[in-house]
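Just so it is clear, A, B, C, D, E and F label the chains in written order, and each chain counts residues from 1 on its own.
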Amino acid sequence: MRRNIVAFGEVMMRLQVPGYELLTQANHLQYSFSGTGVNVASAMTKLGHKGYLITKLPDNPLGDAAISFLQRLGIEQGFIARGGKYIGMYFLENGFGQRASRVTYTNRLESTFNTADISDYNLDVIAANTDIIHFCGISLAMTDTVRSSMKKLAAKVKEKGGKICFDCNYRPSLWEGGYEAAKPHYEEMLSLADIVMMNEKDVMYILGMETKKSERKEQLQDVIPKAAEQFRIPVIAGTHREINADNTHSLEGYLFKQGKFVFSKKLTFSVYDRIGAGDAYTSGILHGELSGFTPEKTVAFAAAAGMLACTIVGDTPMSTEAEIVAAMAGGVGDVER
Amino acid sequence: MRRNIVAFGEVMMRLQVPGYELLTQANHLQYSFSGTGVNVASAMTKLGHKGYLITKLPDNPLGDAAISFLQRLGIEQGFIARGGKYIGMYFLENGFGQRASRVTYTNRLESTFNTADISDYNLDVIAANTDIIHFCGISLAMTDTVRSSMKKLAAKVKEKGGKICFDCNYRPSLWEGGYEAAKPHYEEMLSLADIVMMNEKDVMYILGMETKKSERKEQLQDVIPKAAEQFRIPVIAGTHREINADNTHSLEGYLFKQGKFVFSKKLTFSVYDRIGAGDAYTSGILHGELSGFTPEKTVAFAAAAGMLACTIVGDTPMSTEAEIVAAMAGGVGDVER
Amino acid sequence: MRRNIVAFGEVMMRLQVPGYELLTQANHLQYSFSGTGVNVASAMTKLGHKGYLITKLPDNPLGDAAISFLQRLGIEQGFIARGGKYIGMYFLENGFGQRASRVTYTNRLESTFNTADISDYNLDVIAANTDIIHFCGISLAMTDTVRSSMKKLAAKVKEKGGKICFDCNYRPSLWEGGYEAAKPHYEEMLSLADIVMMNEKDVMYILGMETKKSERKEQLQDVIPKAAEQFRIPVIAGTHREINADNTHSLEGYLFKQGKFVFSKKLTFSVYDRIGAGDAYTSGILHGELSGFTPEKTVAFAAAAGMLACTIVGDTPMSTEAEIVAAMAGGVGDVER
Amino acid sequence: MRRNIVAFGEVMMRLQVPGYELLTQANHLQYSFSGTGVNVASAMTKLGHKGYLITKLPDNPLGDAAISFLQRLGIEQGFIARGGKYIGMYFLENGFGQRASRVTYTNRLESTFNTADISDYNLDVIAANTDIIHFCGISLAMTDTVRSSMKKLAAKVKEKGGKICFDCNYRPSLWEGGYEAAKPHYEEMLSLADIVMMNEKDVMYILGMETKKSERKEQLQDVIPKAAEQFRIPVIAGTHREINADNTHSLEGYLFKQGKFVFSKKLTFSVYDRIGAGDAYTSGILHGELSGFTPEKTVAFAAAAGMLACTIVGDTPMSTEAEIVAAMAGGVGDVER
Amino acid sequence: MRRNIVAFGEVMMRLQVPGYELLTQANHLQYSFSGTGVNVASAMTKLGHKGYLITKLPDNPLGDAAISFLQRLGIEQGFIARGGKYIGMYFLENGFGQRASRVTYTNRLESTFNTADISDYNLDVIAANTDIIHFCGISLAMTDTVRSSMKKLAAKVKEKGGKICFDCNYRPSLWEGGYEAAKPHYEEMLSLADIVMMNEKDVMYILGMETKKSERKEQLQDVIPKAAEQFRIPVIAGTHREINADNTHSLEGYLFKQGKFVFSKKLTFSVYDRIGAGDAYTSGILHGELSGFTPEKTVAFAAAAGMLACTIVGDTPMSTEAEIVAAMAGGVGDVER
Amino acid sequence: MRRNIVAFGEVMMRLQVPGYELLTQANHLQYSFSGTGVNVASAMTKLGHKGYLITKLPDNPLGDAAISFLQRLGIEQGFIARGGKYIGMYFLENGFGQRASRVTYTNRLESTFNTADISDYNLDVIAANTDIIHFCGISLAMTDTVRSSMKKLAAKVKEKGGKICFDCNYRPSLWEGGYEAAKPHYEEMLSLADIVMMNEKDVMYILGMETKKSERKEQLQDVIPKAAEQFRIPVIAGTHREINADNTHSLEGYLFKQGKFVFSKKLTFSVYDRIGAGDAYTSGILHGELSGFTPEKTVAFAAAAGMLACTIVGDTPMSTEAEIVAAMAGGVGDVER
């Protein structure tokens, strides 16, 4: 059944040096528009749902280009405000082998989105049309107005019967005050959330919960149930990801629900563009939950979605349910014709 | 000695998305012209022979572009007819890692080639100038007129003393009636053939011969001699190909001749563009046979040719005899200067 | 006021050689998706309306790419059917100076659109949501099923109170039977139409009406009123276009309404891509009519829209009302910053 | 004789859509780095002088790329500070014919340069090594710290015997308070200046001087001497530029010195990229003054430099003295070989 | 009737900066292979003849690339020798408007071609298969071995009944000794020639003949008959070409035969790439002569061929007889579909 | 501390086929400028020193482009002479997997650099400003004038107290007379050298020293001390490099100083562009020596520098000290943001 999935988040312009040159060597950039919200809304669209984005974009040619790009992805335009002057941007230089990829941000805090007021969004209309609304920790790290909008939106949607999905991702460079500054905001979002994306590090570092375990998976199994209990979170999911010496990545997903952990197989695969893989995993969990998949199928589906996202150009997942199901079966296919 | 190798087959326009974007993401395509016949004729040219193509191309700018491309490959133009309106096309989206490559065809059955009549080709001139003529199962799957032309050409060339090479490749999507519909046509071609490219699957599925063996190589060694006997085929060759978990491919070639099997080493290698590797293998077999190589050298040469074709951009093999011989020696070379 | 403008027509894949190379010289193509319906629906979107397209696209990666492209243009997806196998295509080689541009079509008549049945479209839903529906002579030249669908759609929309816009454009290469074969179909569409795009040539050659005038503008003023009367057409509009020796084009638009002719200034301008200029003119007329512009303003607006479309890459007009109004004021602007 | 020409100004990243697509249509950008200071310093380098730039660039990959680009132009690096976080950027969509080019800025006021303090620059070293220092009205429109730095630098250089060149260009969108807010700052700079780039509009609108003349050239000849007298400016120069209906531009330069006007021929020419032409003209004036050209030769040289800059890709003039002198002779050359 | 046209000359690798950047600004080059001989041989192929090239190319990847390129153009490979080490190259920076295009050569005199010996070419086979052989003044300016080969080839072909075409073009930078050094070699070639491409400047400067006329066309009509008489040349043809202020070019062709001058209309047209236009004109004259056109038609055909060559990317003419005949009719065509 | 590092060597234009096409398949090239001297001077600049290049470049657009490129790399221009006519070039076709990369040179021996005289360089100024001067065996293989210049420069710098670094690399195709011809020149350079890059093969083959060891590392430890003693070389360093079956490379660096060998870890890594890795290693050794690193740190730093150079596009190392130190810590990093 086609549901309305609504994501809240900034649209960033991604300016990527093609190939493996550095910014000091090249003279061309490939651009697209992305962001966690864009990725989740778009991925849900590909999975057969209506994907909305709550955001604000400047009323200039860059904003127009973003709109065109979001339309191309099939994202519904109804909850997008226009106005203000700037769009957040980041420059991406692809790494190769032992040389890591490098991201350089422009002046993001003054972007249209990060200076937008809650009054820019029509809360009533949004809340009336939302089955699931998605928020993430990146937005939470932005400005007071953004944080305030997030909480008001979450509360309103909850009031109208929609579900709240919160992705705990935490980027250290974005919080001047560190974990301490972040903690109360995360706690407030977790209290409202029905589905949470997190792993043991988030619980330990952001929420400050302790564990005596030293191995990563044991830590996870120790602290996640505690967090679920404290914040009354019905569903928690996340991944453990490793970068291997041979440049492949490994991904193992988990789902914690009704007191029980389910783990996916550990998938190992080649990576073309790893940005957005987490959002693909989130989308897989949401789709599994909406579709009534078993936890085992949900977590396998989500892991395969995350894997396929790493084979796709750009931040935004592009795979359909059929393609993900085929990838779950495994085996590298020959040319399809 | 330089021989006249003549291939019969459709020229397809290949429209490929550069890099790893999907058709829904990109806005540019790289085009070239290929087809089994093109690949074999061109490969034989690189190996020092005269490579002819029997085909028909539309008399419009797309046909002109195809002609220019074939000329660039060094293919002789004498047996190419012009007229009709359409050229067959396929779109190629490159896969990456766990995401397979994807091919989408246009309306191929109404192409100039697939609607061409035997009268478009000058049988007498062709037959008088052919040392080996090459046909393949793709063409056999097309239209009645194509099938009829194939058989008439094969018979005429045989009558004039030329040899018939038939590649059994079978693409399920092309035969509405399945193996049953295909079988009589394959049998007819096999009866005429001097050199056949096939493996155990072709014998078992198309010709319907049975084996009690369950392992692939044993099946091969069981059924190929039976097929050779039934259709009185002097030389049969083929490959077993595997796609490995680390994205390399493995290739093991075989040659069955005078009741004896010879196998190449199993080569494992990185793949840039696997389309056309089979045609490179065929060309290696033909060149080995024409050059009086031992069966061992022939099959090693053909396998190396197939491997190198996977390192070349486009469908069409580009390697010279010297380059293939160097590759047979193995070892990844440093920069050559 | 935002209205629902619905266009019926084929989506063509446009494959263009970048720059000025010929297909025999180049190896890359830029692709986009267009067609009269696409152009009109998209242009109306830019002018503030909801632009719908009634069409059918194959359910394969080419169809997906077309959908993405239409979404990017902002065209509503509700009336687009999926299924069948092929999309129509054309290849474009840009001319330069005395060398004309050249278009080569693929096998269009067997495309998904041209083989679609009226049952592929939901007549009731469409008719209930249409303010204006647009058809053109190119579609009329296709197949019996397309012609039949056009007439049924037009009748149904008219019945529900929507208006019919018919663009008489006639392409000789598409009608095997010539004007004689085309005439009854054009007459049927004209009888249903509320707004018609045509000029004196259409009246004289397709409808066979005669005039004793010899000068083009006099002919227009003689025969258009007759056609308006015979088919009871409230609004007729069109252009006279000239290609000048210095490679500029000149465009003069006219509007015939309530028995009165209004002409635009004759605009002369540089041309980047002339394909789609007529559709921009049509959109300008429709927007003027919907907005209650005076005939003088409507025709000036439409002419400026046509002119701007010639400065835009691709077939599809991209200008907003504000941009067109600015262009009406004339004067080549300096860099806008 | 090789002199040290020092320009003060912001380095902007220019991100240009290649060809004539809009940002909503394209997916690639070509980038370079420019600004009035960059253009003047680079142009003086090509004319045989040492060109320095006083600016500040962020200490990140974008700053590194800017440095590499300035090095490529031959600009001396000694006076460039590093630090801060952001570089100013602008996006450029090329116009075509009646469609004007369009520039969209990012958040420029918070750039490293616009937040730099005078202490970031080593005044003593700079002043000791400057023959001419160049400022422009764009920088004057930025922040209080920039304005303050400009005035301190000008005073210090003057004190050490260097000459001050001030380009009055005024961009309305940059001054919230309009001419009134700008006037005192312009007056302060003019009081310090030895060579000023301005025309009658600057005098009338910024300085508020009145004239009874109505024709442009007469106004110029009326108000420029008054401004020269009031601010005791030895040399004033500038241009009248027109965009013609056939997309060519016309340029007429003037030089006012020792109470006498000298005008260049009115040059009419095709334009590839008009941004930076004014800076080329300025450079021509400076070089003529430094080289002891007659006023007639100086103004002809500067006009030819401005014209050639319009034939060059990018903002930054690239022509040598020999090339400009050749262009002064006129005549469109054939292929040079 | 299809004739064998054989051109003698060097194949140059052309490395062109795409668009209008300078070599100091760009980082990509587009490459192709050309030369007067290539252009004439290729043009004659497009006009329905067999075009051969007598040249020598290095036996390395650059030579292979040249061969592929010549094959693509349809040039017969039978008279091409391989060996030696270097291919001549030139770099091309496109001019724009008042900025002229610029050509930079590499070390051409040591190229394979310029160091090739007459024994590299099979004189007997060549002479037996030549209807017309074409030489040009550029080759004559190279090395003694090249000059010697030219004369031997010309003599041998003449002996076997073939005709000699000599293009007098003279490039000052190639002759260290100036006209004086060149004169005896030109005279020797003219004595052998049946068809000569020259104009009044060649006669006056190279051959040193004098005229009292001062206007260009009068000079032509004065000196060409004298040259024809002195060297007994049956057919002389050439062009007067002008570059106009608005960047168009004008071309007027002439043909002198049986004591009578015929002139083409003066054609004025936009130019995309002027290199190779002279060779297109030559090919038009040769085709007219071979086809028995009237002198009037021949000169009009040749002029139109020259004009069309200026609209084609690259040095090498690509137009068919039908396209040239259409261009003779004049009028800028609309899109052809 | 910032030192003056001066490299002597030819600037080569590198013309590379983008991607993996062959020269016979492609039509574009990417160009840059490199050479051992360029690489070392540029790498030292990135490491915080002043990098000079002693070379001579033609005074034409290719020379200008080279200058711009060197400036972009930050190389000081003070010791670069201009004049002569040609720049050395090489064409690079990228290999893939089992297909090796291929380099084709143009006529290098007649280049401006290889025909330059010692008088083209200002010995006194150079020697007075040199902390370390770098030479390599490639230059030694060129012409007598180059060899003569090398020796005079080395002697002069030594005399003024600068240190001599000599890289023994030996390319067989460059020495017609083989090791025998090369030996005296190498010996002369080694006698002058303070820091030498070599390995056991150089000692055994060029210098003709013998060893009874058969394993590579044992040979190294046997012969290097002998060479150090004979030529009184304080510091010798070098690498053992392997190309592995899975297309990764392995690199182990060594440093021999004060009678003691130090080895780096054997690094294994993916390779994007291996050209220039040796020069990066050299630069790491020089920087370690200049910075007073321990031998252990120096060799680890140099090996990491060599590894990173293989991940960078183009011949020229681009890594800063901080980046190399980070790479020494190992671990493939995630996206840096």
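Everything below uses one rule, namely that contacts are C-beta pairs under 8 Å (C-beta built on N, C-alpha and C of every residue); 3 or more make two chains touch, one makes a residue touch a chain.
Molecules present, by chain and UniProt name: A, B, C, D, E, F = Sugar kinase.
This one's a predicted model, so the numbers in the text were calculated from it and none came from an experiment.
K.L.:
Return the chains common to the contact lists of chain C and chain F.
P.N.:
Common contact partners of chain C and chain F, which must touch each of the two, are A, B, D, E.
K.L.:
Taking mean CA positions as centres, which chain lies farthest from chain F?
P.N.:
Relative to chain F, the chain with the farthest C-alpha centre is C.
K.L.:
Shared interface numbers for chain D and chain E above half of all numbers used, same, or below, different?
P.N.:
Different, since most residue numbers here occur in only one copy.
K.L.:
Taking each chain's centre as the mean of its C-alpha atoms, which one ends up farthest from the centre of chain E?
P.N.:
A
K.L.:
With chain centres taken as the means of their Cα atoms, state the distance from chain A to chain F in Å.
P.N.:
Using C-alpha averages as centres, the distance is 46 Å.
K.L.:
So how far apart, in whole Å, are chain D and chain F when each is placed at the average of its C-alpha atoms?
P.N.:
Inter-chain centre distance comes to 42 Å.
K.L.:
Return the residues of chain E touching two or more other chains; collapse runs of consecutive numbers into ranges.
P.N.:
Residue numbers touching two or more other chains: 22, 24-25, 27, 68, 72, 102, 246.
K.L.:
Over in the complex, which chain E residues touch chain B? Could you list them?
P.N.:
Touch residues, chain E against chain B: 68-69, 71-74.
K.L.:
Which residues of chain D touch chain C once you look at their complex with the stated criterion?
P.N.:
19-22, 24-25, 90, 95-103, 105, 171, 173, 243-247, 274-275
K.L.:
Of all residues in chain A, which touch chain D in the complex?
P.N.:
Interface residues on chain A, with respect to chain D: 15, 18, 22-25, 27-32, 60-62, 64-65, 67-68, 85-86, 89, 91, 93, 102, 104, 106-107, 110.
K.L.:
For the complex, which residues does chain F have touching chain A?
P.N.:
Per the stated touch rule, the residues are 72, 246, 269-272, 307-308, 310-314, 318, 323, 327, 332-337.
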